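Structures incoming, each one as structure tokens.
Shared between the two complexes below is subunit A, which has subunit B as its partner in the first and subunit C in the second.
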Partner chain A sequence: MEYKKTVGIEVHCELKTKEKIFSPSISNYGSIANTNANVIDMAYPGTLPLLNKEVLSFAIKACHVLNLNITKDMHFDRKNYFYPDNPKNFQITQNETPIGTEGYVEIEIDGIKKKIEILEMHIEEDTCKSVHSDKYSLLDYNRAGVPLIEIVTKPCLNSGEEAVKYLEKLRELLLYAGVSDCKIEEGSMRCDTNVSISKTNKLGTKIEVKNIGSISNVGEAINYEAKRQEELLEKGEVLKEETRRFDDKTKTTILMRVKETGNDYRYFPEPDIPFVHLTDAFIEEAINDLKRMPDERRKDYEKAGVLPINIEKIIANKEISDYLENFLDTNLVIASNLLLGDIQSYLNKNSKTINETKLTNKKFHDLVNKLDKKEINNKIFKDILIDIMETDQDIDDILKDKGLNISFDENLLNDIIANVINNNQKIIDDYQNGNPRSAKALMGLIMKEGKGKIDPAMANQKLMEKLNNL
Partner chain B sequence: MLTKEEVLHVAHLARIEVTDEEIEKYQKDLKILLDEVDKIRSIEDFDDDKMFSPTDNQYDLKRESVIVDKEQILSNVPKKMGNFVEVPVMINE
Partner chain C sequence: MSKYLSLSLQEIHELLKNKKITPKDLVMECFDNIEKSNLNAFINVYKDYALSEASKLEELEVDDDLLFGIPIAIKDNIMVKDMKCTCASKMLDNFVSIYDAGCIDEIKRHHMIIVGKTNMDEFAMGSTSETSYYGAPHNPWNYDKVSGGSSGGSAVAVSSGIIPLALGSDTGGSVRQPSSFTGIVGMKPTYGRVSRYGLVAFASSLDQVGVMSRNVYENALLLKAISKEDKRDLTSFETNDDITCLINKPLTNFKVAIPKYFISDIVDKEIRDKILEIKTMLETNHVTVDFVDIKYIDKTAILYQIIAMGEASSNLARFDGIKYGYSYLNPKDLEDLYKKTRRYGFGSEVKRRIMVGSYLLSGENAKIYYNKALQIRDDLSKEFQKVFDNYNLIIGPTTARCAYNLNTNLDDPLKSFMDDILVMHANMGGFPSLSMPVGFNSEHLPIGLQIIGNRMDEKTIYQLASFIEKEIKDDFSEVRNGI
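Showing the complex of A and B:
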């Protein structure tokens, strides 16, 4: 009989509010050390925490996208411990009344859907960042007091693959809810896992694996850890509850410490922050502020005929997907191809975002419609891309200035085709004698006469109609 | 009476050193405190709502930005390296 893996995951995400959770310091990654810290963050005697309303609003949004019940009456608790990363000697967290309870995230593996159940989500403050050498430790309190949400699943995952899917989905939801950057490499999303294996329904000894630096590593860490435990059990050893960390270089888990027994954190309700009542109006306001979630967007893209691979490329790039939200009434296949193709290349090459270019909503709208109606073709679009991105001129003016307007005057196109057919009887004879290449020769002449201003697809269609009716 | 080990455990959590005489004293003193807590626990009509928060005033979500002089923040730090606070090496693993 095989061992069954059971995995629970704890994720910490920093909320990207402007200010910290209990102090008005700026909450910003990458500033010079200790420049975004104030007396509250440094726990100067006599200072008191001031709860940031924006944190509650962001946490409500997170609850909503994770299908969690929102706790309307809640309070904060103190988790007591001595460590230099937290100068108050306690962390303010939510032990008894987490803001969110009993939710889920749905994942899909090989077409099979599974709800990953979330036990709870609570709000707490981040600790300061420490850098260690063998002689001293250096502390940066810029991170102390940055708001965090901690999302805890039930022990309901059964493989590394499920864990990876769950984390990808969780990251996507929080990113699109606009509450966190979810950058694992910058530490704004951190994953800890609990792994146990068992041959029966009774769960095995829980071993925690911390500090896993990427989503794919979470999968590897779980699979490695389950295998390690299996080997020990097969040797007849008894597992102890312990905390291990994942080593990226060796792809193994390394013992950090054997867990203390019992609860030494001595939680008690935070006396410096009165209880919080979330009103229905406040909750509604936060939820109404949410943009459309990725799955809803995927459906629209799919309905419009965007290729599955492109749908995922758009969703993976929130800036593009958000941008497309303004153009849902246009041809989304064309719009997404432009954004993922030439426009993306332009932005990458020039290290710009769309907002930093002269591409206005109106211009993009015109551009997509002109391509859709074949008033211009892809070649012309490429020719005017730089003008679109770098000048204030609208599309019509750019085309006019460059003399590039495609003739969508059907009469003109008909005249050109008629002219070419009338003056090239030899090629027509060839065509009628079954030489397929002669149609291409005629197309070449038509395009030459049209001086690149006519749409090849339309010209070809009309030419073939004419030839077949001769 | 608490056991000597229990007092030492609590002292360790609080990161304080205690002498043998102090241990004896705390064995008795902490017992008095714990007995008081037990009295609260013995209340039969235990109403969760009343115990929900230590204060009965609700948080009002207004807060004012406090201007703090950034230079002063590090002025009381005993040891610095550049802009960092330097502390003895922390061993966590």
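Showing the complex of A and C:
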């Protein structure tokens, strides 16, 4: 009989509110150490916590996208433990009344759907960031008091693969809810997992693996840990509850500490923050502020005929997907190709975001429609890309100024083709003798003469018609 | 040296307004008093600062604010920018505040002059001020007696005439009990009336800044000045009511309740008799005075200790030698730093309460003790509310005994708690409560009357207190300026 893996996952995500949760200090990543810290963050005697309403609003949004029930009457609790990164030596968190309970995230593996059940989600404050050297440990209080949500699944996952899918989906949902950057490398998303194996319905000894540096590593850590536990059990050893960490280099887990008889955090209700009642109006306002979630967007893209690979590329780039939300009435295939292709290259090359360019919604709208109606072609678009991105002119004016506004002058095209055919009898002869390359040579001449003012597809079509009728 | 500070605030104000004196004269007199005093009322004084503030005021027009230019003393657990804030602990012996407490903002806005920080029990834990790292203050009525605590230094500073006004803090009687022991007026306002921002937390759900003064009117004036909703304290509330408006107004249809527990045999007979005397006096003046039973009133001390020590164990966790304050030098490791810093930085009473508090919150204990205490606390508040449905106020003694000899309680922490068994109900329910002197015992030590009101109803307390103050013939000013 095989061992069955049972996995639970805890995820901490930093909420990207402007200010910290309990103080008016700026909450952001990457500032000079200890510049975003005030007396509250540093746990000065006499200071009291504030409560940032934006955190509540963000947490409500997260609850909504994770299908969690929202706890309308909730409060904060103190979790007491001593550690230098914990300035007050207690952390303000939610123990008794987590803001969200009983939700799920749906994943799909090989066409089979599974609901990963979420036990609860609560709000808490982040600790200082510590940096250790041989002689000293340094503390950065910028991170102290940054709002976090902790999302705890039930022990309902059964493989590393499920864990990876769950985390990818969770990340996507929180990203699209606009509540977190979910950047594991910057620490704004942190994953811990509990792994146990058992041959029976009774769960085995739970072993925790902490601080795993990427989503794919969570999968590897779970699979490695299950295998390690199986080998030990097969040898007849008894497992003890312990905390391990994943080593990225060796792809193994390493013992951090054996768990002693239950940590005693001496939880009690935070007396400095009055109990919170979330009104229906407040909840509604937060939820109404949500943009459309990825699955809904996927459906639209699919319906419009966007290739599956491109759909995932768009979803993976929230900025592009958000941008596309303004152009759902246009040809999404063209629009997405532009955004994933030349516009993205331009932005990357110039280290800009769309908002930092002169590309207005109207310009993009015109652009997509002109391409859609074949009023311009891709070549012309490439020629005017920089003007689109860097001037205030609208598309028509750009085309006019560049003399590119005549692309569908069929007479011109006919004249050019006739001209080329008349002046290149030798190539025509070759063609008629069956040299396939001569048609290409003629096209080259036509395009050269048309100087990008003609549509290659149409030119090709007309040329072939002419040649075949000679 | 002139004796302006013994005048009433109205009289001082007239002199200031008519330019007969300047704030500097008041500050000079105050420091003269401090220098002559041997009562150990202050931990740190700031003469240069006070004189320079006084000079600044000379350039301002004296407005109609009676508090303009008046010197004030601040308990040393309230943050005043650029002044030390020791909490009477070795842990914070060298700690200088970098910000002003919410109530200090108001003090400064009213152009009062802070002269120094007063002695107290370490981290406000005690009822005699003897747990101070700097030694106990002495009671001006008898040098060998305790001042009460924890706001003992503030009580001594006002009662001995060093200064007319002081701020204290009251978690379980720490303003009212020393006020009673030293014969002054002390008020613990409704929880939330005064910002706790900048008050070093002892037990967050019970702590409240309180005011100490020589008489009822000046007490109300000072409280009115520092009452303000503070966005930095989520438990503070908006206050627009004029709490002085009923002072000296007649007591019509006035009903007062005396809980039977307050005059049971836990209280010294001399004190009981004095309260009954007050009862008779009130009845003579057509006030209805009834004895009432209040459920849980005799259980409050236990509940109070559970809540206060539980919260304290968490609030004092931040003193760890890492960020500020005392830090043990050359520890072996982190664990050693924590242990030695707290072993040598805290005094024994503070450590005892942290240990008991930690135990009370540990594991299942939190449910058995702390959570249950919170529940019964709600019930207790409701019992008091019921009384306020039928009576304007509740009265009784402030303390069960008068000031006693120094060094009596040091070996017995439970005895010290007995000092507060009549005053902690107000903290538990968030009710305003005032202590005022109403007589003396046979040792010529002051006896305090406690008046408890419904939440936000300080004005009715001041109404009754101002009435009783006029009726009492004893003189409580005799130790003032007898420095």
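Definition applied: the second predicted complex is superposed on the first by the 406 of 470 C-alpha atoms of A that agree within 3 Å, B and C clash if a C-alpha of one lies under 4 Å from a C-alpha of the other, contacts with A are read in each partner's own complex, and residues count from 1 in each chain.
Here is the rule we go by: a contact is a pair of C-beta atoms (placed from the backbone, for glycine too) under 8 Å apart; a residue touches a chain by one contact, two chains touch by 3 or more.
The structure displayed is predicted, hence computed values, not measured ones.
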Subunit B versus subunit C as contact partner of A:274, first or second or both or neither: both
Which of subunit B and subunit C A:386 touches, first, second, both or neither: neither
Partner chain(s) touched by A:256 [first = subunit B, second = subunit C, both, neither]: first
First (subunit B), second (subunit C), both or neither touched by A:328: neither
Touching partner for A:78 - first (subunit B), second (subunit C), both, neither: second
Larger contact residue set on subunit A - subunit B or subunit C: B
Which of subunit B and subunit C A:130 touches, first, second, both or neither: first
Contacts of A:266 with subunit B and subunit C, given as first, second, both or neither: both
First, second, both or neither for A:43, with subunit B first and subunit C second: second
First, second, both or neither for A:88, with subunit B first and subunit C second: second
On subunit A, positions contacted by subunit B and by subunit C: 39, 42, 44, 50-51, 80, 82, 84, 264, 266, 269, 271, 273-274
For the subunit C and subunit A complex, residues of the former touching the latter: 77-79, 85, 87, 92, 95, 97-99, 101, 196-201, 203-205, 231-235, 310-311, 313-314, 317-320, 322-324, 334, 338, 358, 361-363, 366, 370-371, 374
Residue ranges of subunit A in contact with subunit C within the complex: 39, 42-51, 78, 80, 82, 84, 87-90, 262, 264, 266-269, 271-274
Interfacial residue positions of subunit A with respect to subunit B in the complex: 19, 23-25, 32-35, 37-40, 42, 44, 50-53, 56, 73, 75, 80, 82-85, 97, 130-141, 245, 256-257, 264, 266, 269, 271, 273-277
Residue numbers on subunit B that touch subunit A, as the complex places them: 13-15, 52-55, 57-59, 61, 63-66, 68, 70, 73-74, 76, 81-90, 92-93
